[in-house]
Every structure is written in C-alpha cells, then in structure tokens.
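Once you scroll down, you'll see the structures, which are given as structure tokens.
Look at the two complexes coming up: subunit A is in both, with subunit B in one and subunit C in the other.
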Partner chain A sequence: MKLKLSPHWILLIPGMAMMLFFFIVPLGQIFIISFFKSQPDGAFTLENYSKFLTDSHYLKILWRTIWIGFVTSIVCLVLGYFLSYGIARAKAKYQNFLLLLVILPLLTSAVVRNFGWMVIMGKKGLINETLLALHIISSPIEILYTPLGVIIAMTHVLLPFMVLVLYPILSSMDLNIEHASENLGASPFKTFWLVTIPLSLPGIFAGTLLVFSIAISFYITPALIGGPKVPVMATEIYNQTMNLLNWSYASSIAVILLIAVLLIISIYNKMLSKVSNQGGGL
Partner chain B sequence: MGRLVITDLCKQYKDNKVVKQLSLTIEQGELVSLLGPSGCGKTTTLRMVAGLLEPTSGSIKLDEKEIVNTPTHKRDIGLVFQNYALFPHLTIYENVAYGLKRKKVNKDEVRKRVEDALKSVQLTGFEDRFPTQLSGGQQQRVALARSLVLNPAIILFDEPLSNLDAKLRQFLRVEIRQLQKKHGFTALFVTHDQEEAMVLSDRIAVMYNGDISQLGTPTEIYNEPSNSFVANFIGETNMIAVEDAQEESNHFTAKLKTGETIKAIKRKDSAYKEHLIMFRPEHAQVIKQSVFENKDEQNVLKGQVEYMHFKGSTFTLGVKSDAHDKTIICSLQPDDCSSSTFNEGDDVFVIWNKENTYIY
Partner chain C sequence: MKPISVFRIINLFIFAFLMAPLVIVIATSFSNTSYLTFPPKGFSFKWYEYVISDGRYLEPLLNSLLVAVIATIISLIIGTMVSIAVVRYRFKLKGMVNSLFLAPLIVPSLLLGIGLLMFFSKLGITDAYIRLIAAHCVLTIPYVVRSVVASLGKINPSIEEASRILGASPLKTVFLVTLPLIKPALIAGGFFAFIISFDELVVGLFLTSSSVTTLPLLIYSDIQFNLNPSISAISSLLIIGTIIIGVVGMKFIDKKNLY
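Showing the complex of A and B:
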C-alpha cells in the first residue's frame, strides 16, 4: 500500500524538528547517561538507581516533592474554583477585567515574585511584624525555608493556571441546569454540590493535573523560598549537576521524577475517563 | 390546587421597563399561554413566577399565598425549559428522581413514582440512559416527567417546543395538553408560535411591550382581536390605512385615501384610534369585473392580480390596489378557482363582508 502524505505535513516539520533536537534527543541523552558511571571509566551501571531507591534521604526528597505538589494542587483547586466561579458568575462586562487581574502576575518574572515572598515571609517580614504587633505571636515564626512557605509561594504562582482551566468550563456551563435543580427543590448549596461541581469535574481534573505537574518539577520557588532546608527533586537535580558535578546521578533523578510524573498522570487519566464515561461527557 | 394570581408585576432594568404592571389570573387546571414576539417580556414574566428573577414590584400569589419572596427551591412550581436543561451527568431515572430525592421521599416510593412518570411520557425502558443518548423530543419528555413526578400545583413552560422540528412539535403539544388535562395541573405556557398557543390554550394572553395586549380564548383572540397588534400577530391580515371614519348606529364608515368607503360592523370594544381597517385573507372573495354585482353589506376594492400562489389547501392571490400601499392578500378555496381562473394583471374586485371588517 502506498503511503499518502498530505502536503499539510510540511507544516509540522519545523515544530517537530525543534522538539526532536531540543527535547527528545537531550531527554534520550539524560536517559542514557543515567545508566553509566560518571567517573572515571564510564561503565554501564544500575548503581545510580539503586543508590536513590535505597537511600532514605533521597526517597524523602521524592516524597516531599510529591506531597508539596499535592497540597499545592488542592489549595490551588479550592482557591481557584471559588475565584473562577466568582468571575464566571460576575456581570459579563467585568469578567474580562477580573480575568486580566488573575493573569497579571504571570507577566512578572517568577524570580521577582519569589523575592517578594522572601521579603514578606522573612523573620522581619510583613507577616511576622504584623502578627507580632497584634500580639498573636511572641516571637517570629518560621515560614521562609519551610514547606509551608514553599506551598504558599507556589500556590501564588500556579493559581492563574488553575483559573485559566476552570473559568472556561464554569462560564460556559448552562445556567438553566442549575436553575432546573433549584426548581426541583434543591437549595443553592445542594445545587452547587450536586450539579455545578459534577459538571465541572473535567476542569477540576485537568486543572489539578496541570498544577501538580508544574509544581513537582518547579525549581525557582523551592530554591528561593525553601532553600537547602527544603530540598525537592528539581533543586536536588540542580545540586547534583552544578555543585557536585555528578551528571549521571542527576540524570537518574530526572528519569525517576519523569517516571513518577507519568505514573501519576496515567492513574489520573484512568480516573478521569471513568468519571467522564459515567457522566456521559459534557 | 394551583390558582395563580399575578398583580401589577413589574420588572425594570435601569431605564428599561421589561414588564409593566402586568396582572393575570390563572384558574386551577387552566392552561394559559403568554404569546408574543421576542422581547415582549413573556419569558421575563415566567422567570419571575418561577423565582429565577426578582420582580421590581408587584405580587405573585399561588393559592392565596404570596410567593414573591419565596426562594425558587421552596416554590411548588414546575418548570420546563426550552433547552431541556436535563442533568447531563445523571441517568434518565436519576433525572426524574432528582426532585423526589430532595424531598426525602423513601426509595420504594421514588421508584414507583419515577416509573409512573416515565410511563406517562412513554419513556419506559429509558431509565439507564443518559440525556445525550436521547433525541430532542425524548429529552423534553424527560424534562416534563421530571416536573410532573413532583405533582406541582403549576408547571411553567418556557418555549418548550421551539427547539424541535415541526412534526414533533405538533405531536408533543398534543401530548402536553393531554397530560395537563389528565393530571389537572395549572399551566403557564410561553411561546411565540401563535398556532401552538391556539391549539394548546384555554386562554391566550397576547403580550406586547411588557404588558398584556389582549386576554381571551383562542376564538376570541382570533375573531375579535382588540387592536391591530393582536390582529397582526394572530393569523394573517390586510391592514389598510384610513383617512377618516364616521361612527354610526351599528357600524363605522371609513374613507380610504382613494375615496372608497369601507363599512365595518361595530363590536364590543370597537374604537377608531389607529386609523386602520382590517380584514382577514380568508374572508375575501375575488371576482372578475364582468360578473360582479355590489350589495350593501359588502366592501369592495378594485385592483389587479399581482401573483397567484398554490398552497395545497388554498390559493393565495395577491391583489394590487391603489387604495393600499401593500398587496392585498386573499386566500381562496380551490373550489372557487383554479390556476387558470386568474392571470397576472387581470382587473378584479376584492369583496368582503362588513361583518368581517374591523376598525382600529
């Protein structure tokens, strides 16, 4: 059989070439490097992986990365859901403006925003000074260089992504379906719980997945807000690459992170397809 | 139970009065249509009754109880939407059971009542399907069952048939009427389709510009339209401008711009205000010059045949007359003529009785 290629394929070439040379090839290299000793002879070895998977220090880093990502996603979901819902139900003429306000932080560099948080969270920062002045606490509390600080700052950075996913779904929802629910005797709260949330499940799944995947591979916020006290996979990869120059070990950490992400995404997708099958789609 | 009394209902958005001092009483078991063009306030009125919109002022009483401040979910009012508004994530069974579950009805009774409701809309066996797997007509029947199952005092219909094709529409409106009579619920039916309103309703409220223009039975509305808007909206009309009119003992004598006089019988509320006379196409006869003999109770206009359309059950003849800016439309029975009776440009007389003439 003759393979028929439509000329439209030509349009794909630049993008595909770029992905191939700057993403697939380097990724393959990382994969290969992770199976070889970095010093001195470069022989084949599984040592990198066994080291990671048997050392509780590194397993803790993996675990910390995942739970910080998880908590960040949940916090983003709750805050983002109400924010999106509020915007979607606001008067049509205000919606674009409110959305712009949500997206505005994305126009500032993440580094700048994180330095801002460092100022706010520090021992003599805004939070501690305020709490001290109000006599709620007697000595400064630790927020900076703790997982809590990382979660707060990361939520701030990732919230717009959640809103950008949830808002279109909530704003395109047929209000008559909610009206029908109330008409049939469900209170506004019940309606929200029984109709609005189930109908926005695809958005909830997509948004949390997006935030989670960005969160567990996030570098800047854990590096600045978490510092050496809160190492996560991304900062550890950086540490191994730049400080310890152990490229093959750094590569194996990257591969493990990638596999962990893919695993979680595939489980999540299975759940998603189950839910959307039940719902008969939107 | 299900007597609905609306008094002086108003809805205003800034300077825009959408509903103006609307009053309407619907007796128990009655089906009343709100009929009007888009933007006349009919859907706004319905949404205020349902509790989805807050009136600016006025009162809505259901069985003597004021419900204006009752939240939607506590009103005993069913609502059927134009776009069905079924819950897409629930099965047909769960859709119909939704209201019963909110009322904490026990499981066995829910099952029984849902089965009965689905049976009455002929959808037994569809329990486990999802709304998207059903056709539009079936979805609307589910929506009807979903309201019906709660035995509400009154069910509101918001243009429920306008998303369906013509055949199905005719079929479903009969079904709605039968269900309404069988279950005896009161119904308020919003539509812009005059034929639908005529077929379904006990009474029709023709709405214009936020108020009821005329309220009456379908026959009254059609035979005695109280103003030119209602006449134009229900059925076809020939509306001819009048220069001047004299009121006499039992009729009006109107003078057209070309000098002809037209007689219109006096009715209950006849008044000469809008400078118009009206007659319906089906009341007109068209006769060729040669065989014409004028009688006193008849009105006559001279003109030329502009077109002739065969419509199956009738012929429509367009006649151009100097007395009227527009073409006079005459609806003729096939018995009275055939395609060869008239030719374009023929000189003819349009004749109709003064009993069938209305003055506005």
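Showing the complex of A and C:
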C-alpha cells in the first residue's frame, strides 16, 4: 500500500516541525520542570508553587506586578482613547500620518525608548533639571528606579497597542448615530459620554486586557527603569533563571504568569469578536 | 475655550509624550561631555565618530543583521507554506494549526527564552547563531502568517484554478500566480519579521554567549554598566534607520488591521 500524504500536510511539515521543537517542547519543559525539585535527582513536588503563593516576599512581587499592570492599562486606556478618537475624527488625509506617528515608537527598539526615559527621569535628567530651574523643588526627586517611573515608561511602550485596538473601532463607527444624538439636542460631551463610549465598550475592555496582559509579563522596562528596587514577576523569573540558577522555581513562576496571560487573552478575543467579524484577534 | 480645542491640546501633549524619549535620545547624542546630562552641553559629532570608528559596535550590528535576515527569510518561506495550507485546503484541526502559528504573539517572550535555554542546554547546542535564529523564527512567523493569510483570503481561488486548467503545474501556479498576487502581504510580513528580530532583546538575554552578542544586547548592557553619550549616538542611528524603513514599509501595510 502506498502512503500518500495530502498536499496540505506537506506544506505544514516544516512549520509544524519548527513549532514542535522550538516552541511546544521548550514550553512543555517549563511546565514539567516546575513540578520537580531543582536537584538533579529531583522528585515530584508542588513546593515551587506553594513557595511562590505563600512566601510574603514573593506575594509582594506578585501584588506589585498586578497593580503596576493595572495602573498602566488604565492610563493607556485614557490616553489611548483620546488619541484614537482624535485620529478617527481627523480629516481622512491626515489619519494615516497620525497613525504613523503612533506606530513609529512601536517600531523603534524598546531598549532605545527605555533608555530615552532613563535620560528624562534621571537625577540630572530633563524632569529634575526643569523642576530645579523653576525652583519647584530644591533637590532632585526620585523617579527612576521607582514604580512611578516604570508606569510612565511602560505606558509609553504600550500606548500604541491600545490605539491599534481602539482606532479601528472608533473609525468604523457610524457617525450618523453621533449626529442624531446632537440633532436631538445633546451637547457634544453628553453625546460622547452616552453614545460614543457605550458603543466602543467592547473595544475599551479588549484594549485594556491586551495592555494588561503585556504589562504583567513585560521585562525590559521593569529591568531598566525599575531596577533591583522594583522587582516584578518577569524580572524575578530572569533573576531565578540566570543568577540563582533555580530553574524549577523560575519555571513555576513562569507557568503562573503564562496561565494568567492566557486567561486574559481568551477574554480579550471574546471581547474583540463582539466588535469585529474580521478576526482581528491575536 | 471650546471643548474641541481643549481636546486638541490634550492630544498634542499625548503626541509629545510619545515622541519625547526619541527626541531626547537624539538631542543628547550631540553632547560634548563624556557623561549623559540634560540639557546636553556643547555640540559635537564626536560620539558619532566614536560609534562609527570604534569597532565594538560593528560585530554586534553584523550579528543582528545576519540573524534578522536569515530569520526573516525562513519565516517568509515557512509562513507562506503554512498560510497556503490553512487558506486553500480543508482539513481537521485547521483552527488549532492556525492558532498554534499565532501563539508566539501571546506567550511572553521571556518564557520562550527560558524554555529554549533549557532545551538547548539539554541537547548541548551552544552555538548562539543557531539558538537565536531558531528563537527568532518562532517569534516572527506569526507576523508572516497573519499578513499572508489575510491577503490569500481576499484572492479569488478561480484565478489559481484558471492557471491550473491552462496547464500550469501546482508549483508553477504558486510561483507565477499566487506569490505575485500576495506580494504586498509578503513585504509587510517580512518587514515586521525583520524589525521584530532586529530589535529582539529578551530571548537573546537567555540564549547568547559572551562571545556572540547582538546590537540590542550590547546597548542594554552598556546602559547598565557603561552609561555615556555613545549610547545616544548609536540609538539615534537606530531611530533614524527605523523611521526610514518604517515610512517606506508603511506604504504596504494595512494600518487598520495591525491588531
């Protein structure tokens, strides 16, 4: 009997092999190793998980990761909504240019952007030098290496993602609905609050969830702007893997983070499918 | 003041916020001092001269370019094959196959870094180039698949059928009909793949050795241990390069469906 492989599987073989070896197996390995003691003869254990979820040091890191992510996504939502609304209601010929301005920072290296923020926030940076010159403060304030600094820089990195979710929704909205509201006597503010915002609610949830899921797993900004003073889950995973060489423990934190991200993204996809049928989901 | 103008002023501030770090980096790159300060003192090109004449940036730059080019080519080939299979054929588990190739967008790259570190250590693969190219292919393939799948879906399959009926082989049809039709999607996917790979830092932190490093990794370690205006100069060159590639690349990209 001749075994005939159908054409689609032939097309898929190289891709599937690549994903199996360099994606599924490595991630599976993280999952398996997280249930074993880190010694070479390690036995099955749930210790890694119970340690992270009971030790107050690690609970603080977990809590910090969540609230920094939360504040970042709310700030991104507010700023992103302003931007997306402004771009969506701008003259058609300017829209592409304005979008390009939003996307350009996304294309430049995240290391470079965070470096820019370090120059702005540092002891001799733009903010401190300006405030000192204006005599608003008498000695430099600490922004770099604080959660505030991490939130500012991370908002900058993640804002374009918010716009990319909100803009298509706001620009495809039927303007006649807004006009109808105004014709019926509502003020522009009232129209915005009672018509535009409710219509874009699924987009608001989707964008916030997307930004939150990236924020809690983001490494570069907490590492550079936060430093050792502001440890979050991502930097702790790196620390446990590369400095303490405790791969089992690092893996258990990684699994917790991954489960959180997957849960959030599945809600995000549900929200997004409500507003578009074009399948803009991840 | 009218609410419209308040709104415009707020938006102007947000755009300024978006541009601020890029502008600041470029401004400090012309500094005359040996330390980073704002406002920069003096004006000189000496840090650019240093970056270009000093060899330490050259090798990491070439490494980054080499890895990015190879990863982009592999991603384009494999990604296009996957996309054709997903769009043009019916088979079981199609939804799962499609999600699998988009999954690296969701999984934090940090996790891929640790996973691959353990995987390669176990297999004894120590070559940094192989490690990086493998990792970057996984990270970049979703961008190719997403853009090519969207483009293939819009092409009428009858055009390909016509080519087959007129006697072209399936392979000939792909090269003479399908690929030319999806060229903009290939450019867009390849563009994103290249940028993602070239700028990649996190996975590289886990997979590179001290002898082989990439440009983002060198900048990252300089920021932590060797802070001076040369970082601004090399970063400015990267920003300007990205803007040029970005403006050209954006012509091919459907901005409304990026996410």
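Everything that follows uses one rule, which is that the second predicted complex is superposed on the first by the 238 of 282 C-alpha atoms of A that agree within 3 Å, B and C clash if a C-alpha of one lies under 4 Å from a C-alpha of the other, contacts with A are read in each partner's own complex, and residues count from 1 in each chain.
The definition used in the following text is that a residue touches a chain if its C-beta (ideal position, glycine included) is under 8 Å from a C-beta of that chain, and two chains touch if they have at least 3 such contacts.
Since this is a predicted model, take the numbers as computed values, not measurements.
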First (subunit B), second (subunit C), both or neither touched by A:176: first
Residues of subunit A touched, compared between subunit B and subunit C (which is higher): C
First, second, both or neither for A:238, with subunit B first and subunit C second: second
Partner chain in contact with A:186 - subunit B first, subunit C second, else both or neither: first
Which of subunit B and subunit C A:251 touches, first, second, both or neither: second
Subunit B versus subunit C as contact partner of A:199, first or second or both or neither: first
Footprint overlap on subunit A, where subunit B in one structure and subunit C in the other make contact: 188, 278, 280, 282
Interfacial residue positions of subunit A with respect to subunit B in the complex: 174, 176-177, 179-188, 190-191, 195, 198-199, 201, 278-282
Touching residues on subunit C, where the partner in the complex is subunit A: 3-4, 7-8, 10-11, 14-15, 17-22, 24-25, 28, 36-39, 77-79, 81-82, 84-85, 88-89, 91, 97, 100-112, 114-119, 122, 134-135, 137-138, 141, 170, 195, 198-199, 201-202, 205-206, 216, 219-220, 223-224, 231-232, 235, 238-239, 242-243, 245-247, 250, 255-259
Residue ranges of subunit A touching subunit C (in the complex, touch as defined): 6-9, 11-12, 14-16, 18-19, 21-27, 29-30, 33, 79, 82-83, 86, 96, 99-105, 107-120, 122, 124-126, 129, 153, 156, 159-161, 164-165, 167-168, 171, 188-189, 210, 213, 217-220, 224, 234, 237-238, 241-242, 247, 250-251, 254, 257-258, 261-262, 265, 278, 280, 282
Of all residues in subunit B, those that touch subunit A in their complex: 50-52, 71-75, 77-79, 81, 83, 85-89, 98-99, 102-103, 130-133, 143, 146-147, 150
